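Got a structure here, written out as structure tokens. Questions coming.
Think of it as A, B, C and D in the order they're written, each chain with its own count starting at 1.
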Amino acid sequence: MVKIITRKIKDVEKLENALLIEELPGIGHVGRLAAEHLVHEFNGEKFLELFCYDFPPQVLVKDDGTIEYMCASFYRIEEPKPMIIVVGNTQALSPIGQYHLSEEIVKIGIEYGANFVYTFGGFGTGKISEEIKVYGATTKKELAEKIKEYGIVFRTDGGGIVGAAGLMLLFADLNNIPGICLMGETPGYFIDPNAAKAVLEKFGKIENIEINLEELEKRAKGMEEFFDKIRKFEEEMIKNLQQQKKPAHDDDLRYIG
Amino acid sequence: MVKIITRKIKDVEKLENALLIEELPGIGHVGRLAAEHLVHEFNGEKFLELFCYDFPPQVLVKDDGTIEYMCASFYRIEEPKPMIIVVGNTQALSPIGQYHLSEEIVKIGIEYGANFVYTFGGFGTGKISEEIKVYGATTKKELAEKIKEYGIVFRTDGGGIVGAAGLMLLFADLNNIPGICLMGETPGYFIDPNAAKAVLEKFGKIENIEINLEELEKRAKGMEEFFDKIRKFEEEMIKNLQQQKKPAHDDDLRYIG
Amino acid sequence: MVKIITRKIKDVEKLENALLIEELPGIGHVGRLAAEHLVHEFNGEKFLELFCYDFPPQVLVKDDGTIEYMCASFYRIEEPKPMIIVVGNTQALSPIGQYHLSEEIVKIGIEYGANFVYTFGGFGTGKISEEIKVYGATTKKELAEKIKEYGIVFRTDGGGIVGAAGLMLLFADLNNIPGICLMGETPGYFIDPNAAKAVLEKFGKIENIEINLEELEKRAKGMEEFFDKIRKFEEEMIKNLQQQKKPAHDDDLRYIG
Amino acid sequence: MVKIITRKIKDVEKLENALLIEELPGIGHVGRLAAEHLVHEFNGEKFLELFCYDFPPQVLVKDDGTIEYMCASFYRIEEPKPMIIVVGNTQALSPIGQYHLSEEIVKIGIEYGANFVYTFGGFGTGKISEEIKVYGATTKKELAEKIKEYGIVFRTDGGGIVGAAGLMLLFADLNNIPGICLMGETPGYFIDPNAAKAVLEKFGKIENIEINLEELEKRAKGMEEFFDKIRKFEEEMIKNLQQQKKPAHDDDLRYIG
């Protein structure tokens, strides 16, 4: 068991026939870019925060001296279509945590009116493609046939979908609601707005929603800067940890207090 | 504690004096081959699926765009002898998960009428033997003496049986029902239909069941192709993970969006 | 879930508007030095011990043959300001344990009258600075602005605060009480009384408390000796573990019993 | 939380003022040798088995085809002094498991009449000593002073006692009963009957019990053979695991079924 708690930000009305759209950080940050774009374009309203005791045990410090918690935020959109969008800054660390987290997100989504699950992600190929394919996977054969008509392709390598993007489909199915995972082909080693664009284009067509994609690239740029910071912080931490293990008798390194 | 949930596929009647036969993936996939063969030969009817939160946190994508979950499926056979066969595509990842999983499988088996446990597995020797021995282990001295008469041999190396194949015997014993583990000698590094055949031959003799083994080899071939796919997927994932860690400033690797 | 138990050392009255001040071992032992100094200077009274099942599974042997447990001790101070100070000799080992531990410490703090959380720590830079900066982070924008006036600086590297020092701010916020983390700049690889001094000076100014810092350096010296011992013990354990794995047939190494 | 279950082997009467003596495998198997010797010498009666879901997920196969489970067995002795002796063939694998296991053993001990805890172990020095010291640690200062009179020495290295031997003292103390740990000096890399003898001699003196130590050495010999087997099995398993990872296309390694 992994404890998960939530904090209500705002009382909101339950939606009807809403799409639950998940993104937690993954390959190329494709899902994050896509889901955040939807939140911005359709004025998503944040109504809930979720904290999982299997998230990294840390907080992030912002430039203004306040703190950003490791959490998954739930946003609510009414138009052009009811949607609940879950945007997180981390995945759960352990396999068991990932199961509990995915189960809880689906449970909350249903509580607030969702009856369909989408998960967005990147499909890392390690190389740059001229034409960006969007790979799909669904909980039902009819759905697979439907999305195939929109040019979504299926993998034939027996591969899997790791983490929340895959497990949320399991819990959708166990709750008797259908689910689709869309993965944009991406080299995988940088923030990839093109893969996110490709995913949102297919999503828009399937759901018959017009999505203005102009600002997506700008958003990718900002996110890249953010992750550059995080990476530097992590490198620094590792360096410090190594230095902590140096002998404490290293007298010439000590200053006089 | 590790959460385990089930999904009923079909309402079925409780069996009487049924054998509970387990296979989760192991050395040489001997157990899987043997148990799947029984399901096919005796028209096993799937009635329950089990999901353990300590299974790998992923789903597998099939060629038709639908998903295969990590799970253990329960099959029911009435003739030639009441049997409940549990076939899974994974073991639990952690030691604690393996205990809970084995306990739950035995509990469900008893609920549906089992009063005897069999676990099938491979005994990896790392080399090819001319004559394939079947090694056994039992929860009771009388049983050990009985299976010895059928040419089943006992190890004298103090060795153990790791994972569900061993722990299910513990939980059988704790529930006061007897259990036998049969392990076919196998080189251990490929799908081994011969070891599975040897196990099923002994099983058939002990339980006095006629088992047609003709199709076993064909089945092994298909399974091999499946695992080849999985292996390629895993290699790819590792490659991608490595590429993700490359510096994001690697400008010449970026395409123009 | 990680089990946490407490042992009451003394019945004490609930404080009013107390500061909950946490230190568990961290970079440069800055927090520990600072918090222990407060306990000594203001005659902190120990009233509770906390044991977390995710602490290292060991006890420490003292020179007099008695045992020191891995635990976090709660001290109570009435003057010059109500404070509850938590001093531990370890952090929780796993991420999940760190969440539960931080949650429990905040919960107990509130139970005994705290309505404000401070966490002290070191900010490892790997190098010696002429002027020791104190870095801060807070749960609220107004607080950040307030502490900025006292010369506390904010990081602009997107970095984080790992472990209880960070998570206690999360649980403070989830319990609707404010929190501040103060981190003294430190090389990070030795017990650093100067960083602890810098932290306590800022803390004293913010809270308008006079703190005599004379004995801090002496205390640092004693703590250094203690950690030298621990380190030697760990090295020895590793050495022994390696020796345990030597072949048991190494006959010439055996003595005649 | 880690699940722990027990199986009653025999209904027995509660003892009065019994010593709870624990040994789980450790350095030099000193504790195991000492505790098993007590069981044999004083005709210990097995009345309970304990299974922890954090024990290694395996069973051991005996030469006669039956199974030995990973478990801790409780023995009851009435004369020359009431004792409950816990002998196990494994420690819990994770830190959290070790806490729960130690807590449960003390709880059961108290239930069956114990009001004093002894833990036996080895203190690995990596070298052979002419005179074998017995190191001690206690939950109370008076006890420490008492055992010092019997020539038991205290470590001055700030070192610790890792695993159940240490944690059982914590849980004794939390249950308000006293505890002593006795550790025989041992090179640590083979089964060491001399260290076990030294521990039992001191134990006998403190508790004023006559213990015939003649058979101890013979017992050590038998145990050595058993652990040799286990080690070979583990080596084999590792070898097999490595072979499993060989490419499955290695056609010339396949035999014709």
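Some observations on this one:
Just so we're on the same page, contacts are C-beta pairs under 8 Å (C-beta built on N, C-alpha and C of every residue); 3 or more make two chains touch, one makes a residue touch a chain.
This one's a predicted model, so the numbers in the text were calculated from it and none came from an experiment.
Listed here as common contacts of subunit A and subunit B: no chain. Chain centres were defined as the mean of their Cα atoms; on that basis the chain farthest from subunit B turns out to be C.
Annotation: the subunit A:subunit C pair of sequence copies touches via predominantly different residues, less than half of the used numbers being shared.
Per-chain Cα centroids separate subunit B from subunit C by 48 Å. Once the centre of each chain is set as its mean CA position, subunit C and subunit D turn out to be 34 Å apart. Shared interface positions of subunit B, defined as residues touching 2 or more other chains, are 1. Pairs of chains in mutual contact: A-B, A-C, B-D, C-D.
Subunit A contributes residues 1-3, 5, 7, 51, 53-67, 69, 93-94, 97, 226, 229-230, 232-233, 236-237, 239-240, 243-246, 248, 250, 253-255, 257 to its touches with subunit C in the complex. Only residues 1, 27, 95-96, 98-100, 124-126, 128, 135-141, 144-145, 147-148, 152, 154-163, 166-167, 169-170, 173-174, 187-191, 193-194, 197, 217, 224, 227-228, 231 of subunit D touch subunit C when the two sit together in their complex.
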